[in-house]
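Next up: some structures, all given as structure tokens.
Here chain A shows up in two complexes: once beside chain B, once beside chain C.
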Partner chain A sequence: MRLALVGFGVVGRSFAKLLQLKAGELASKSGLMPKVVCVIDNHSYSQDSNGLDLGKVLSKKNRSGSVGLPKKGLSSSEIISNTEADVLIETTQTNFKTGEPGFSHIKAAFQSKMSVVTANKGPLAVAFQSLTELARHNNVYFKFSGAVGGGTPILDFGRSCSKGDTIVRISGILNSTSNFILTHMERDALDFKSALLYAQREGYAEADPSLDVDGFDSAVKLVIMVNYLTPNKVAMRDVDISGIRGISLKDVERARKTGKAVRLVASADSKLKVSPELLDMTDPLCVSGAYNAVKFGCEFSGDKVIVGKGAGGMETASSILRDLIDIRGMLAARGSTSC
Partner chain B sequence: MLVFKFGGTSVKDGKRVRHVAKLVEANRKKHLVVVCSALDGVTDELIHLSEDASKGAERVVEERLRKLRISHEKVLRDALRKEQSRRRVARLLSPTLNQLERTARGAATLRELTPRSKDLILSSGERLSAPIVAGALSEVGLKADYLTGGEAGVITDDNFGDAMPLVETSKLQIRQTLDPMVESGTIPVVAGYIGLTQAGDLTTLGRGGSDFTATLIASALMADEVWIWSDVDGLMTADPRIVKHARLLKQVSYAEAGEMAVFGAKALHPRTLEPVAELGIPVRFRNTFNPRNEGTVVSAKTNVDSRRVVKSVALIGDVAIITVSGASMVGKPGSAARIFDVVAKSGSNILMISQSVSESNIGMVVKRATAQKAVNALEIALLGEGGLKQVLLEDDVSAIAVIGGGMRGTPGIAAKVFGAVSSRGINVRMIAQGSSEQNISFCVDQKDGKQTVALIHSVFELDDKSQG
Partner chain C sequence: MRLALVGFGVVGRSFAKLLQLKAGELASKSGLMPKVVCVIDNHSYSQDSNGLDLGKVLSKKNRSGSVGLPKKGLSSSEIISNTEADVLIETTQTNFKTGEPGFSHIKAAFQSKMSVVTANKGPLAVAFQSLTELARHNNVYFKFSGAVGGGTPILDFGRSCSKGDTIVRISGILNSTSNFILTHMERDALDFKSALLYAQREGYAEADPSLDVDGFDSAVKLVIMVNYLTPNKVAMRDVDISGIRGISLKDVERARKTGKAVRLVASADSKLKVSPELLDMTDPLCVSGAYNAVKFGCEFSGDKVIVGKGAGGMETASSILRDLIDIRGMLAARGSTSC
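On to the complex of A and B.
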């Protein structure tokens, strides 16, 4: 199966490494023989219809910061349109406001009849309904399990829960950074600022942490889940968002004395909300550190919880691979000759 | 925010265009989007032009092109007073006119018109009217900008001639394009009926296209209402040419309006209602030349009240009944599907269907103009070996539709309808009621058509002033 990669940051590179590590096993276990025919990063690209040597591309990127030739005025979308591939792997930087450049990349791929796997939440936040509509219109597949929960298959688990049942309530800890900060406020008696600094030092928070600690990242993931798992069509503007900046050490300690913990909870029932809440320490949702947890409340089968590591390059790369194997299966079932 | 859609009669000539500008100006305090149809009669003219072009009738094509150019230049001159704004709009019209001429001449030379080129021709009408309207709005001191439907964000599938918008994608793009314009106080003047494929090729939306542009924009921008301006006051209880005391309906539901549209009223095509019905955005039908009348509101409300179960009655005069019979149809699954398939492929749209429980015959109503073709196709495909005994055509009938949301679950409506009809000795030839129960349709002899409509109108007291 021919792959094009756009975005070659932490996730993109992790995915390339994962392909190298797993090549033999993928062929024997899943019938997947991935061939990367194009890699595009910010300023450069590299193409070979016979398949690129990923080791070489990775070392070139490490050495020189580029993956190949300069783009010379070509846009990534134009390069994608001119590439013959079966699946585009989109891992460029997230932009919650415009969804770009990911949105354009995905549209270009669909138009060229490529399926798409993305871990980029930006396009999903801005254009979820449009992208699923365009995928259907072009008769291609669109998977994005890495967008929620990193390597933890939260969306697939939710899909299973909703089969023959109806998800009536979703609640979850969806942002690893916030959870890491709250956990360390609790454990190490740090105030918010110190805990944030610690998270930044440890690589769990960005230099500008606002998307994480102000609740936007959680809100986007909530929007994606509701759109994907329920018949409701929702957007960011439907979510009532508050973050964890206002949480003091006192709040955290007061909670602990009553057997509770402060967590940034995203929830959807009749309303969509992201806000700090008090959870019982014994609640399976009440995870610590960089973990995510989601509880699906189903009409007939009750509550179900899935817990797992919420972020990380390799974790997210593995979810991309999972999506890819699914797409391979669907293409094979369709009798496609393209892989 | 309001979305105004002006039909062809509203922009028939320069004077009317100026009138439209005044109507818009009177509502300048609200955020507005204006959607335009082609000038009255121009779309028909373009259809003829494309037919002549595909036949290679070069001289006729030249004549038609010349007339189109002259008529638009005249409307432009009459609609705009200032020479400067005339010149500005003329600069906008000129590429469209040139492209129209190139496309038509090319097709005439080749004696071939692809669906894609045909859409270029058919869409010219809206691309010529909207800039004139935008110019007239500027002359009354409004900030207005012209865009085609595609530029505004209407993205469709590749089905040229009858393209279907990709609704979610269109809504997103429309928001991204029009929201900032509207916010900054500009009135977008959008050429209706037009979309773009994802690859950027121009498409037309088919029947009711400009209305669809308006409802799609309204749903994308979460407008408060859509106002469809035409030359009638709104939806009526019956065609006033048939029933003198026909009355304007103040309020009908989306479902009722859909039923009325199917039966030829100047209502919205059901699919064009979908985007607004989903969000409960009301659509108001208003008369450009009688703006004091509030018109008909189409909304989610169904006024169910025992006296108002029937809202309107419509006549479709030019139909025919085709009856297919044959014992071999009995108990044989799929025979109906085969029959309908043959009829559809012959180019007939089936308006009504009825089948007896005995299954020995199926009746269907089609437009009279296409009936012979359908009968012929059925004979060739299914007579004899296909298991059918007989295909019968009766083309001396009219169809009557009795419409009202309140008919659902109200017993006795059919009895009242057919009791009245039989009391006058009118013979009912065929009956069908959809399971939505919003519509009872039946066929009578053509000569009895108008009388039947008037009769039902009076039996259900539709002209009673006390009703809303």
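On to the complex of A and C.
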């Protein structure tokens, strides 16, 4: 199976390493023999229809910061359109407002009859419906497990829950940065600002943390889950969003005295909401630190919770690989690929 | 799709009710149009190749205790062999020693080219390998989600985790009865015997609770998970089993003082073991009451935990229905069924 990779940051590079590490097992267990024919980063690209040597591309990137030749005016979308591949792996930086550049990359791939696996929430935030429709129209597959919950198979798990039962409520702790901050306010008696500084020092929060602590990241993931797992079609504007900047150390300590904890919860039932809530500390949803958790309330079989690390390069790479294995299975079932 | 049901206790009847409740949705969402052509209980059976009226069968069972005509010397396996059906739903009582009568029912179905969905742990405990091989040999499907975790899709989740990554450790709280007892020892300061009596009064423990509190039920579920999710082929005799009878109120209180709880944990890494362990109360695995939880330790993406109710008629019925939808999809993919 021929792959094109666009985006070669932490996740893209982790995926390349994972492919190297698991090559033998993938072939024997899943019949998947991936061949990376194109790697594109911000300023450079490398192509070989016989398959690139990933070790060489990784060490070139480490050494020189580029993956190959300079693009010289070519856009990544043009390079994608000119590449013969079965699946595009899209891991460029998330932009919640425009969805770019991921949106254009994914569109270019679909129009060239490539399936797409992405961990980029941007295009999903701005154009979930149109992208899924475009994939269907071009008779290709579109998977995005890594966009919700890093390496934790939250979307797959939700699909399992909705088979044989109906999901009537979703609630989740979906943003690792906010959860890390709230947990450290609790544990180390820090106010919001100090906990944020600590999270930034430890690499859990970005210099501009607003997408995380103001609830947008959680909201996108909620929108993806609702669109993917229920018959409802929703967009970012449907979510009532408030973040955790207003949470004081006093709030956190008052909660703890009654066996509760403040958590940033994204929920979907009759309405969509992201806001700080008090959770019982014994509630399986009430995870600490950089963990994510989602609770699916099902009509007949009750509440089911999934917990796992919500981010990380290798974690997200493993989700991308899972999606790729699924796509390989679907392509093989319709006779479109032999490996 | 033509179904035969053998076993019409709590789970079998819940499944029949679920089919009635979800008939419309199943057809529109999954293309599944089940037609129950045979129902067998301990002493009676009812058959109609045009499809039985489940409402009538359920009310007859409620009214008279039987589902139809007396068997008159026919065994359930003989009735199964003489039935034209696509899938057998096996929900008779679990026997960990012989696996019967479920083992014979499943064999009879496979030999008649029926796929099987079961929630019965007995046959899986005594003959996991030979049954999965027999299914393969007869080119039919064998699914048993409801045998581990009631309605919680633990096996499906494990499969997701092992795609794109490798499960290197499994640990789980798999027996609701034991967990209910330990939780009430903790919460209500009861000793083991009093907590067991309470669990029996509340319907969480059977008159003879040994399969649950002595660890056998957890061990079977561990064996099923390891066989289904890893390349290792194991049997009950490979599991080192100890139960919770020896746990004193003092043990539980001593644990609580250090932020820990005693739980009956089934684990598989280099060896297979069921035994009481001390878990940190903040560990997502450390669930309370009748909940089950399983933690999959993955090579690249770390620990993932799934939590949900471990038993219950409707819960288990929803797992059976999930398996049936999967089988329908697989049969349709190879062109063997239209509904």
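Here, the second predicted complex is superposed on the first by the 336 of 339 C-alpha atoms of A that agree within 3 Å, B and C clash if a C-alpha of one lies under 4 Å from a C-alpha of the other, contacts with A are read in each partner's own complex, and residues count from 1 in each chain.
Methods note: contacts are C-beta pairs under 8 Å (C-beta built on N, C-alpha and C of every residue); 3 or more make two chains touch, one makes a residue touch a chain.
Worth saying up front: this structure is predicted, and the values here are computed from it rather than measured.
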item	value
Touching partner for A:314 - first (chain B), second (chain C), both, neither	second
Partner chain in contact with A:164 - chain B first, chain C second, else both or neither	second
Which superposed partner A:127 touches (first chain B, second chain C, both, neither)	first
Which superposed partner A:107 touches (first chain B, second chain C, both, neither)	first
Chain B versus chain C as contact partner of A:153, first or second or both or neither	second
First (chain B), second (chain C), both or neither touched by A:137	first
Winner by number of chain A residues touched, once chain B and chain C are compared	C
Which of chain B and chain C A:300 touches, first, second, both or neither	second
Shared contact residues on chain A - chain B and chain C	none
Chain B to chain A touching residues, read off their complex	157, 166-169, 171-173, 198-199
In the complex, chain C residues that touch chain A	18, 25, 30, 150-153, 156-157, 160-161, 163-166, 282, 284, 287-288, 291, 293, 298, 300-309, 312, 314-315, 317-326, 333
Of chain A, residues touching chain B in the complex	107, 110-111, 126-127, 129-130, 132-134, 137-138
